[in-house]
Amino acid sequence: MTLQHYLVISAILFSLGIFAVLTRRNAISILMGIELILNSCNLNFVAFSRFVTPPENIDGQIIAIFGIVLAAAEAAVFLAIILAIYREFGSIRPDEVDTLKG
Amino acid sequence: MLLSLMIFVPLLGMVVVLLLPRESEELIKRVTLLFTFIPLILAVYLFIAYDRSSISSQYMVNISWIEKFNINYHVGIDGLSVTLILLTALLGPICVIASWRNIEKGIKAYMALFLMLETGMLGFFAALDLFLFYVFFELTLLPMYFLIGVWGGPRREYAAIKFFLYTLFGSVLMLVAMIAVYLTSGDPGSRTFDIPTLITLASTEGHALNDLNFQIWVFLGFFIGFAVKVPIFPFHTWLPDAHVEAPTAISVILAGVLLKMGTYGLVRINMAMFPLGLDRFTNGSDFWGYSLALLGFINIVYGSFCALAQTDFKKLVAYSSIGHMGFVILGLAARNDTGVSGAILQMFNHGVISAMLFLLVGVLYDRAHHREINGFGGLGNKMPIYTGITTLAFMASLGLPGLSGFVGEALALLGAYAKYKTLTILSTIGIVIGAAYFLWTLQRVFLGALNPDYEDIPEINGREILTLVPLGILTIVLGVFPHIVIDMFSVSVTELTKVMGTFEANL
Amino acid sequence: MDYKNNIESILYFTPEILLIVFAAAVIILDLFVKNRGSQKVAYLSLIGLGFTLVAILITNSTIADGPLSLFWGMIRLDKFAVFFKVLLVLATAATILFSLRSEELDERLKGEYHALLLAVTLGMFLMASSTNLLMIFISLETVSLTSYILAGFLTHSPRSSEAAFKYITYGAVASGTMLFGLSLLFGMTGTGDLAEISQRLPEVLAAGDVTGLGLLISITFILAGIGYKIASVPFHMWSPDVYEGAPIPITAFLSVASKAAGFALFLRFFYSGFQDEGILQTVDWGFLLAVVSALTMTIGNLAALPQQNVKRLLAYSSISHGGYLLMGGVLLTPEGLGAILFYLVVYLFMNLGAFYVVVLIANESGSEMIESYRGLSSRAPLVAVAMFIFLFSLTGIPPFAGFFGKWLLFTAVISKGLYWLAFIGLLNSVVSLYYYARIIKAMYFESPDEDESFSFSNSTFALLSVFVIPTIFIGILNILYNFSDKITL
Amino acid sequence: MVVLLISIILLAPLTAFAIHALLGLAKQGFPRQDILSTFAMLVAFICSILLFWQIAPDPKPHTIDWISLGSITFSMGFYLDSVTVIMLIVVTLVSSLVHIFSIGYMHGDPRYPRFFAFLSLFSFSMLFLVVSDNLLGIYIGWELVGLCSYLLIGFWFEKDSAADACKKAFLTTRVGDVGMFVGMMMLFTRFKTLSLYDGADAGIFTLVEGLSGTGDMIWLSIAGVLIFCGAVGKSAQVPLHTWLPDAMEGPTPVSALIHAATMVAAGVYLTARMFPILTTSSSLVIAYVGGITAIVAATIAIVRFDIKRVLAYSTVSQLGFMMLAIGVGSYVAGLFHLTTHAFFKALLFLGSGSVIHAFHAMHSHHDEEHSDDGEHDHGLIHEHGSEIPPDQDMRNMGGLRRKMPLTFITMLIATLSISGVPFIFSGFWSKDKILGGVLERAMEWNSIHHYILFVVALIAAGITAFYMFRLIFMTFFGVPQNQEMHEMAHESPWVMTVPLLVLAFLSIPVVNPLWFNKDYVKPPEQHHIHAPEHAQVLPDSKTRNSDFSFAFLGVSDAHAAEGEEDGHAADAHHAHSPAHSIAMILSIIVAGVGILLSWLFYHKRRFSAEAVSTAFRPVYNLFWNKYYFDEFYDGVLVALTVWKSRLFAQFDGSIVDGIVNGVGTVTRDVFAAFTGFFDNSVVDGLVNRIAEITWAAGGRIRRLQTGAIQTYLFVVVGGIVLIILIFRVL
């Protein structure tokens, strides 16, 4: 397993995330997509810190951990807002939430 | 210091007016009149005390303003600017008196804006720092926009925004050119906006400013900026609308002073600062060499013919000023003593005459509440004095010798003929057409049988006469003794033509 | 540059700490305040901001001899950071004052609201001063997360919830993308410190370990995150909707503070990371940014033209102003930097002022539409005057400060020969006059629908004048022109 | 002394006018303003007489700097020589007489003071024109007299006909003036000065001598002709003559003063002044214009019935004679005819005025003339659209010689004079000089041109005699045509008859004081007239011309000596040249024939004019319709101008604003699907189009803002990809 493998995997993850975000018709799925994106980033960081930076330097892992934390926080806020949306619009289909436009 | 006082007294007046309660209208008017009268006195003093023999600017004040960019509050007057300052200061009180009765709503805001406008105009003519120059130039926009837009006629909003957009469009081009000049004027440390310095730099061999291509582009930038103001065909379409909609006093300022700001800029910046660029457009070698004169010619003929076609009294006068500004452009394009002096004199005289004309239109409009020329007729009997003054103004405007209009036009043409024979001869058509539309108007409004609707139209009253008489006297006096004004700037003009006219034997 | 370890750093970190403390204090006080209507919490947070400001100025005095790098190079304390901190404190204070007067804000959640505002400010402080990829990402997320909540603060209003939803979705994706870019950058250089990155990149580029494409991809991804903060094309699309949906004070806050913080990040990132020739040669960043800025201002202005909702109109106008600001950064020159900082100050006053007028009118007439501004000149003359000063300043007409700001920006651009960009910018200011003038027209040239005049308290006028006076005088008086010389990166 | 006198001459009428004007502005009546003006004129007249003995041997202009620009100075000043003095005397004298006459004629007019104000202003302008030493000054006076003529023709402006006439007069003359101005521009550009005589530095006449080489000669010819254009306008020469007959709408004294004696003669005066710069070719042009005018106007005059129009056309014709004279180089004869004509034509007009006045008495002229509805339908004959006021229609007159003997006698004298009845009447001498000059020129160069011109002039002279006596016969002889009008007719009061007598007195040379002028004692051309001819035959005539001009203009001893021998040569030459005797005989014959014919037609009624007119219907129509000049101008020129202005207005409305419109409309149509609305209350026209485009663009961009979050995100991704692609391509 070389760096390339990790990078390819993370790239695929990232792309899948973007794809999900762009295409899913459900807010939750979008959230999942976002999670995918973030995790691909984490994977990158870890991989880089493993292969690129000297072993004693663990910046990559630290960043990854912070990334996970922030992802969690984001997910929490996101879900809260999705609740609010559901209360107001009775739906969590993102394409139905479009009263603001133009 | 005197000069700065004159410039900012109206601004002070604005503050005072704003502090006054809006109910006490009479007081507001009086205060405004006072604060427009002080600059007049100062201007007259400057006009008399001005040393006619010296080239350099006088009463200079040069205080550092934004030293980081070497921007100074640098004002001063030379013969050219003092002339126009006098014109501005003179029209100030006259316009206030003219607005005495016929501004119904918001007299306070009106007067405040008017005072702000006057500061802008006076400052513009006195500024010797390019940045200051631009700031004052723009400073006249805001009040004008509101004065037309709020107190104007039925289509005032349209006229106001059109005026604003046109001028702003022109002035942003000017801004680019200005910044380019500033950046080219030297190394980061030594850059300057100082007009006299820039003029000397631009004519020193080998300096970056002295490069032909650079000057051509910068010339164009400034030129379009001023051309909108003059206005020069095809940037003129805002003028008739603005004039027709604006209240009388504002039309007077518009035609009397704001148009001159354009031509003044042409002389002060385009001619003095960019001799190479000017030469490119006036050397008569190829099409571009004729372009400036051609524009002047088009203005003259085009404006005159359009005026001939108008049936709205005010529009007619508006188009006639387009025509008359054409003579200024033609004279400037001649870039010799005779032509330039004629042009500048024409600037002053047109300021006075067109002011008279618009005041007269206003007088008639206040009585009849319309401006349809064909709607009148035979007023000559009912309003003899008004008819007399109108005849005087018309005759002056159509260039009757003995009145001020003639001298400027004649000199401009004489100067231009030395350079552009054909164009000048063709431009003389404008003289005939000018006579044609003014006489035709005179006939349709005053001669012939009286239109029964105006059986009891009141004669012009004392207040209106008060506004007109000084201008009338000026037209006659300057027609007989034009040197009163010419001597003011002849030295500066000689200097100017020397600076730029080194390309040819001075005619 | 001397690195401070964590313990030493605490001392220089006082402003941020104060913000955290007061955020907590606000929440606690909110628990004890019986009368929900009372404005104690707001005043407490204002006091907190006051303390913070003092602290900032004190820290400022400590860096007289060169900037400091805190927490082992996580964040940097320099004039640049101080400048933005002061700016942000002012913006936040203004926002709190607006909120006190805004009638749409929910009474029940005052505590959280102000706590969140302070938290956002904290995040922005960090954005302005972070010099490490990790710090950059964390600060960005801090700001974003709190902003999402603030945008959706009107839980009872669908517009607000929708705004929050769009904001978070968009923000999450953008920041995720950015994080990916950051990870790539980290991978290329093996470090998170901007300074080191700027040293290493040329080497690795020269060594060929990294292709220009890789660099381009990572930077573009990062740009997505920053561009989303400063709402620059093509990452601007969230802002109109969010601005329209969010409570007006928050809109004001986002359009000024969040944008300023974004620019702080942008400047620090590009100025400190990309000055090196080697990097500049891989991709023509200057041209990229120039195109982006031209598109931003143009699209913002054009889209603003047909707007009937003043709030939304101002949202688009703030997009175009982002474009103007970007012009200064195009060439990464000191003049550009100075111009941007100066314009940010001006923009703070004139834009907040304009939004404040929107708040006032919305309170009185309950509408944000242009119609509700009809005849304002007769119903509330002073407010109308203030508004036209703000609008003409935004247009960039002398003698108002906006003109001088624009003038600096254009000078910076032209000095590097980008005439076309300057020209586009100036044409845009002509276009912008066109929609600002529609508000002026409504206020001055049209007669009001109903005649009874608005009544405003003196404190309102006092606050208004706080914005009007600088808008008039910053440009004319020669006071602020030189401060930017001291600020370097 | 000279300066003082001239200043008085100029200032007297000016002051009078100023007083009038101020009183008018102050709405103050003033007792007997007529006296004021008249007195001013008399003062001026006396001063002119005094000036007569002040002519310097070699006159220098008295100048002051008017405008001084860096390198150029325009000066203003007087130039005083015999010609100036003669003109001064003529103008002041006729003007004074007309003033006196007007006191009676204009009596009771509501705008009585204004009339005298205008008269004073006119007199000032005319005198200024006469004494000016430079083209600019002349041009100023030139335009000012034009203004006065405008004001006075339109004096009864309630009459639409008067309103039209004054406008026409001003515009027509202005067309000529523009030509003159262009000529001035050419001279100025060449010589850097507009002064004619050598003052501080050389004047045009001196500089002209420096010119040589055909190129310059052509240029100079053009300049000369252009200057002459001014004269064509003012002196109503073909083709710009049409305004003068219409100008008769003005009060009769005005016609007498301005449109007979002085202003219209200014053109002749100018041409004479500019004589030194006239080249052979430009002289020929002038001669032809003069000749054609003479014959055309005369033929038109035959068929007029309006007594004033007859006189008007006769004026035009006589002016043609003068131009002809100058054109052939014998311009002394021209000036001579100018002076004599001034007197007898003024006399004729005043006489006709007295007749008209007589009829007015019944018609209550003044009330009727400017009643607010400017129409006067007396069911009387309509002359081709423009109707003749009944009191001016000769067909209403007849047999007045008993009613108004003084008027009759004086007018008869004038008529004899203008018809060129030999020896006792001044007109004979002057006209004979002209004919003689033409013939002489013809014989010397034996150029076909001048022979033609001579014949033309001769015929014109004959016709002149014919129509003038037609006027006399129709007016004063025969039986009264309109009985009731005849009843009311009466001799005019003394204020009106005295001027008539004075003028009649002046029309009889033996008693004409001017003849005692040291130039005019002997028929003037004796020692002058040949010089130009010599000059003209010389290859380069300019130098000789100017020599000559000084020989004449400065009646100095120095020049006199030269002039004397020149004159002797001339006399010798003259003695042998039969030209003058031939011309004299022929002119007497044609005059006799003309008088005889008109006697047969209009007194004895041997032949009926109607029969002849029907016999030669086409010719008659041509004359009757004044050669269709007016129709031509109205039809073509005016229409063209108006059309063009309309066009331009159109252009302004549509094209200029539409430069962007084209783009605008297209773009708008493209964006029409997207753009939602358009705020038409803000702007239209040019800005409107730009607005529409920008609006449309804005609308389009708005549409991108769909409100669906995923679209936004798609844009984000697309943007990123795009950037990367672009910068990889780059």
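Which chain is which? They are A, B, C and D, in the order written, and residues in each are numbered from 1.
Quick note on the criterion: a residue touches a chain if its C-beta (ideal position, glycine included) is under 8 Å from a C-beta of that chain, and two chains touch if they have at least 3 such contacts.
Bear in mind that the values here come from a model prediction, so they are computed numbers and not experimental data.
Enquirer: Find the most central chain, measuring centrality by the gap between its CA centroid and the centroid of all protein CA atoms shown.
Expert: B
Enquirer: For this structure, which two chains have more C-beta pairs in contact than any other pair?
Expert: The chain pair sharing the largest number of C-beta contacts is B-D.
Enquirer: Need the CA-centroid distance for the pair chain A / chain C, whole Å please.
Expert: 26
Enquirer: On a C-alpha centroid basis, what's the spacing between chain B and chain D, in Å?
Expert: Averaging C-alpha atoms per chain gives centres 36 Å apart.
Enquirer: Need the CA-centroid distance for the pair chain A / chain D, whole Å please.
Expert: Computed value for the inter-centroid distance: 97 Å.
Enquirer: Measuring from the mean C-alpha position of chain B to the mean C-alpha position of chain C, what distance in angstrom results?
Expert: Taking the mean C-alpha position of each chain, the two centres sit 44 Å apart.
Enquirer: I need the residues of chain C touching at least two other chains; which ones are they?
Expert: As it turns out, chain C has residues touching two or more other chains at 165-166, 169, 173, 177, 240-241, 306, 434, 437, 441.
Enquirer: For chain A, write out the residues touching at least two other chains, lowest number first.
Expert: Correct list: 18, 21, 94, 97-102.
Enquirer: Which positions in chain B touch two or more other chains at once?
Expert: In chain B, the residues touching two or more other chains are 157, 161, 165.
Enquirer: Any two chains that touch count here, so list every such pair.
Expert: The list of touching pairs comes to A-C, A-D, B-C, B-D, C-D.
Enquirer: Under the stated contact criterion, what part of chain B meets chain C in this complex?
Expert: 64-69, 134-135, 138-139, 141-142, 146, 149-150, 156-157, 160-161, 164-165, 168-169, 172-173, 175-176, 179-180, 182-183
Enquirer: Help me check something: in the complex, which residues belonging to chain D touch chain C?
Expert: Residues 675-677, 679, 682, 691, 694-695, 697-699, 701-702, 704-705, 707, 709, 711-713, 715-716, 718-720, 722-724, 727-728, 730.
Enquirer: What residues on chain A touch chain D, complex-wise?
Expert: Listed in rising order, the residues of chain A that touch chain D are 18, 21-23, 94-95, 97-102.
Enquirer: Residues of chain B touching chain D in their complex?
Expert: Residues in contact with chain D: 157-158, 161-162, 165-166, 233-234, 237, 241, 302, 305-306, 308-310, 337-338, 341, 378, 380-381, 384-385, 388, 391, 395, 400-402, 406-407, 410-411, 413-414, 417-418, 424-425, 428-429, 431-433, 435-436, 439-440, 442-443, 446-450, 482-483, 486-487, 490-491, 493-494, 497, 506-507.
Enquirer: Once bound in the complex, which stretches of chain A touch chain C?
Expert: The touching residues are 7, 10, 14, 17-18, 21, 27, 30, 34, 37-38, 40-41, 44-45, 47-48, 52-53, 57, 59-60, 62-63, 66-67, 70, 73-74, 77-78, 81-82, 84-85, 87-89, 94, 97-102.
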